[in-house]
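So, here come the structures, one by one.
Shared chain: subunit A. Partners: subunit B in the first complex, subunit C in the second.
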Partner chain A sequence: MVRFKNRWLLVELIPLPQTHTTSPVTSSISRPRTPANNNNLDGKTIWAALRQSVLTHFGDVGWGAVAPSLTIKYFSPTTSVAIIRVSREHHKIAWAALTLLSSIDGVRYIPHVVHLSGTIKHAQLAAIEHNRVVIARFRALSKSAPGTRDSYDAFLEKSGLEIEALQD
Partner chain B sequence: MFFDLNVPVPSRLPASKKGKEKQAPPTFSAAEIETLEAKVDLLVHLGYTVIAFTQTVHKRVDSKTHSNTLNVILQRLKPRPGVVFLKRLTIILDEDSEKGFGLINANVSLFNGYDLIALVPTTHATLSLACLTHTLPSPLTAHIISLPLTLPRLPYHLKHTLIRTALKNGAVFEINYVGALGGDNDPLMVDADAAENGASAKRNWWASAREVVRVTKGKGLLVSSGVVSETDFRAPRDVGNLITILGLPQDAAHDASTRVPKSLVIRAETRKTYRAVLSEPTLVVPPAVSAQLESAMDVSDSPPTLSTESLKRPLDATAPPETTHSGDRSKKKKKKEKGTKN
Partner chain C sequence: MSQQPKRKKDGGSEEMTGREKKKVRMAEARTIPVQSVGAGSSSQAGPSKVVPMNSLAGLPSAIDIEKVVESRAFEIGAMQTAMKTASAGSTQRAWQALPRHLRRRAASHDVRRVPQRLRGRALAEMDALPVKKKKLPQRGKSKQETRTESFLRRQKDKTWLETHVWHSKRMIMEDMWGYRLAVKPTEKAYRPSHRASVQGAIIHDASYYSLVELRGAPETIIGTLNLCCDPQGPSPGALRFLNGTRTYETHAYEPGSYPLGLIAPLSIFWQPATTSTDTKGKGKETDASALDSQTNDRAIWLRYHPAVHQQMLSALQKAASTYLARKKEEGIESVEIQICDLKDQINVFEIMGPQASQVIRGVLNAVPGDPREEFKQFWSSLADVQTSGSVPRNLVVGFKVLDPRLRFPPKRAKPKPGKPITTHHIFPKETLARSDIWDEKVRLGLARPKFTKQELDDRRAKNVVPGTPLNPQRQDDRVPVLLIQRSLEASRTAGGHPIHGWTLIVPSGWGMAFWSSLVFTGTRIAGQRERQTQAYEAGTTYFPRDYPFTDAYNQFSKQREEKLKEKWDRKPPAKKPNFEKLKVDDPWTPNWNKVLGTEAEKDKAEEGDLVPAQREPESERSAVKPWLLRGLKMADIVEKVAASKSPEECLLSEVNKLRVARSLEQLPATRTQELLQGALINVKVNVCKRGLPQDLGLIYSLEDEEVPRAMASIMRKGDPEDEDEDEFNGISTENALIGRITTGNYSLSIGSGYAVGAVPLARWLALLKQQPEAEKNKASSTISPLVKIRNTNSDQCRLAKLEVLVEGDA
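The block that comes next holds the complex of A and B.
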């Protein structure tokens, strides 16, 4: 009855190019990010950056509240999507720290929380849906005829399996 | 439907302070338009559908040197289906503006080129001016009062009665979230001492924003970006969560970027009516149709249904002959809202 409840945040980290003339959205959504152009982001660096953000904005108290349950459960370098788990009582602190986060390892990002759910199941569904939307956008931009099979199908399947494999 | 009602555009200061003639219409380079397009792309990606571009003026609006830079910009932006662009004028008020800053009836034609008018008071006198006089309904109502949240000390004590009168008159108080992120404010505002950039700006923002939330009790709060460099944009739900940290309940925080700006934009349209009076619509029936109606009404007792649709009160048997008169008798005080909109 006194169950420990969590909140699952689905975050898209939109990278910003250093030059300001090209739109960050069009340049980041026009091609999927390979590890080469991804500035070696991974779960650990995001965790470190988030920790720093909580410490600067909410201090040791805030970090103490959030730390025991803060985990980066999933991160996909191609779509820059992360699933973060926080305890329900202090998820607002973690969410606010995420919003106030502006750069990871010196590269600037815009954290965009796509979905917030109470169960891992819905976070998984939202992640799969988000991946499909992103792939649809890539395909629309590359203007290929609908129905052509390309590497995106493999990506969708692989990431779908990875996401489904997440455990609490 | 999420609103972002403060997207500053690059400003064009009047070339020479001495020149009293109208300046040539300002031009914007292709690079500036591209950066603006990039910002709009990002905003649309994050979920905003209504975007208001802001032109900022310092101290006073001089009818001789003022030019509407937003019209120039809006012409050059590509049209997007499903996204609405609005024009907003922000006037920064300081001690020099206490005697008058151009928001007078003579300049109404200037202000009609903008959908929204906002004031940034920096002294106590200008705050009372803004809250009491300029929120009254008129063609010059400033519906948005934007407080300079990044200044080291909010220059005035926020008196509850002042704020309450402004809210009752329909004004809203604006919070720009760029201060929370420590991002760059509009350079014109920084020059005018209405904003600060830097580490201490963040702390000031949190202090002042919390105070604003406390005094307004969460009513009439508008949240907007005020972001200059596109790295500081955030999605509307993220911003809503930031505002909850200030002590605002979750539904009020969500309202601050949806319901409040929506009613504000509609209310701002009432600047075109006489003192924001919207009369009850009356049906004006052309004579041919009214003749038919009369013959139909001789047959049946109840009023015909088609003419009751647009009225709040059911049409009684004496109404049709009178409605054609009411067009002539139209009291000068009331304008039909539908007529002026088109």
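The block that comes next holds the complex of A and C.
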């Protein structure tokens, strides 16, 4: 029985803000990190952009190798986190193409590969870890008074326990 | 709640097949939910890293943090639920989420067998029902066999206990001794049952035990029983048993043939002198008791194993007639005794384990108006008792309880920590032991519970506040019960930990009412296997397995032999042990003649040898009758015999002493040799280091030269790998075989192999002599000679220590 082995890429697409229209100072006060039109980003557009990237950098051979197994399993517009599945033999082609992907639909992005794993479960676990780190970073940055706790303390504690239970 | 889908499949295939439904379900399980974007607000909540070119942007505001954290938190939750549903969605059915004891076989096709909260899911997972062909109506409902009739039809050749239907759904059943009994639970429960018996509570329905009542003048009863009970213990007429406050655990022998005709263990308890008047002090006495008080007649109950039912009855009748004949010779004419077989009149539940007292306290609620002070004290301290071993051994308590179904569902009582232990105030008292259950009229009057479960449920439905227990009404039954303390223990030296519990006796007709409540408290259920395991782990013998030469043992042994031989015959030669090569001639049933050394010459003759044509006098050889030496004073007897110069005469004199004490005539002096030669004693076999003893294993004595080497080897605390396992393999002489193991297993309470075996007394004495000089001076009950044991299916010998097994608290 042949086992089809895959690799799962956890990617965050960090949008670069559009600084060509407004001055840095004014834009920073209002919405420092909100680029103009992101609402149309979804799994299909990412897939199309990735396909274009593979064709550009690796040609038809590369695309033929990667195409049967390339799938965007998950994408969240709010956090720009995507989980991409590729077959194991040719995952480096897809990974390289992803790294060289600089813009989707004209909007500039930096693809930040957080984790690479063999199962979706570990990709999901890595996503949880990543999100927790982000939350911690933001809270640290906010430098609010130590007493103020927002509504997510209980949730984070609960999710922390669940992760520990899930770890092998 | 959706109804069952219609059975007809013809109209339109909107209904998906099971496979399609499963595919949809799996796809749904594997998708990861994505947070929906609110209208108007920007979809981006902020990337993970603040890109350097925005360092001038300043600190994020509070609103942004909330948004970021919210979106990230949603994602975390989504990932976690996705992982859970992915694992659970495809591979598990709805009922697989239930613990094992709530799963039902019919749950795969019948939604009603799944608890309510899971029914929707189970229904969705099921395939559409196959179209059932509608049967033509049978000729009239009255001609159909009702459920009761079908049950009765199955009971023609065997008896069902009252709790049979409950057991048959959860246990593997077998026909035994005319009853259909539970052998073991269907789910794997060997270790949980052991844990329950040493830490929790475990219950066994023992209503199949035979019960016989003797009625007559106390002297008559005592005289009859003295003829057939074990002379080694106190007489059944001893004062502590006579007033009915304690049960007497003894053994029955064929009248007049002690020590040879052992029948079975026997449990005796007297009815307290006057019947109880503890119901609100009305002072009513039934006719029977009035008669008793006038004529001084007493009643006594005997409980024994059903395998020896007929044998015991005939032994009792013989003893009674012998006693009456004797009295006639003395001139006393008007002596009578009644022997009644009280089968199917009571139900008996054995609840073992430290929590047994809490279970009983939680399930039974005593009738409030009991005037006895001792009972109030006993009942209040029962909840805090750590184990029923704190209560005097074999104590009998009788009282009345309300219908247990009124307070269903019950809860176990919780012992209050720190409360001063008042159990040492509980003494056996005659007033405490009185109960109406002895009265036949009362028992028959209660044979049918007044209210059925349906009526009680209707009453409960009328409750104003749902869930309140029912208040007892005047018409409700008050059930008299008996509570007897029960202990499984052997003498205190190494091997086994005692198990204590209670025996609950309720009148017949009330079995299921009490059983449902008892089981609801979370008590485990014991079948025959668990009952045997309890006795084994306590280190004590179990009837009939460890009682060689009784009739019940012979029967059991024969059945076991047939089963094992059949199993062995079925297997191909490469997959079964070759007993010829292993030099085991009796692998399925022990040949005690060989062990005792009394094998007749013609048995030893091989095929092809010439058998003498003239018959040799048989009387010499067959005169050796094998018998089991056991009893409370066994250790003393063995010690005396070991110390004496002529063991046969010493043994004979001891036996005669006991016989005379019970007004039996002495055994003739010509039988000394056979008496000693045929004597067998139960021994404990503790494996020294490695090794698992199994049933029917062989016990060999060590050669004289091997003994010091063996003792050194067990003292060595080296690496297990350095040891030479095969050091003591190899049996040199024919005479080395000194005994057989009757029950062998890995003991969970001891933590190593443990077995109960039987060894001839003569060989035991020889073993004692083999000990080095330093050991010999100790009391013989503390000497543990070393032996080798081996199982029938291998030639690997292991070292083990033997010890005399004395029952009861030595």
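The rule is simple: the second predicted complex is superposed on the first by the 119 of 168 C-alpha atoms of A that agree within 3 Å, B and C clash if a C-alpha of one lies under 4 Å from a C-alpha of the other, contacts with A are read in each partner's own complex, and residues count from 1 in each chain.
Convention: contacts are C-beta pairs under 8 Å (C-beta built on N, C-alpha and C of every residue); 3 or more make two chains touch, one makes a residue touch a chain.
Bear in mind that the values here come from a model prediction, so they are computed numbers and not experimental data.
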Would you mind checking which one, subunit B or subunit C, touches more residues on subunit A? C
Identify the partner contact of A:L100: answer first if only subunit B is touched, second if only subunit C is, both if each is, neither if none is. first
Quick one: is A:A67 in contact with subunit B, with subunit C, with both, or with neither? Answer first, second, both or neither. neither
For A:K92, is the partner it touches subunit B (first), subunit C (second), both, or none of the two (neither)? first
A:I110 in the overlay: touching subunit B, subunit C, both, or neither? Say first, second, both or neither. both
Looking at the overlay, does A:P15 come into contact with subunit B only (first), subunit C only (second), both, or neither? second
Using the touch definition from the top, say if A:A127 reaches subunit B (first), subunit C (second), both or neither. second
Let me check the overlay on chain A: which residues of subunit A are in contact with subunit B and also with subunit C? 14, 16, 24-25, 29, 110, 112
In the complex, subunit A residues that touch subunit B: 14, 16, 20-26, 29, 92-93, 95-96, 98-100, 102, 108, 110-113, 116
Residues on subunit B engaged by subunit A in the complex (per definition of touch): 31, 34-35, 37-38, 41-42, 45-46, 180-181, 229-235, 237-239, 241-242, 244-245
Contact residues on subunit C for subunit A in the complex? 32, 34-35, 37, 42-51, 53-54, 56-60, 62, 65-66, 68-77, 79-80, 82-83, 86
Which part of subunit A faces subunit C closely enough to touch in the complex? 12, 14-17, 19, 24-25, 28-29, 31-35, 38-39, 41, 73-81, 83, 110, 112, 120-121, 124-125, 127-128, 130-135, 137-139, 141-144, 150, 152, 155-156, 159, 162, 166
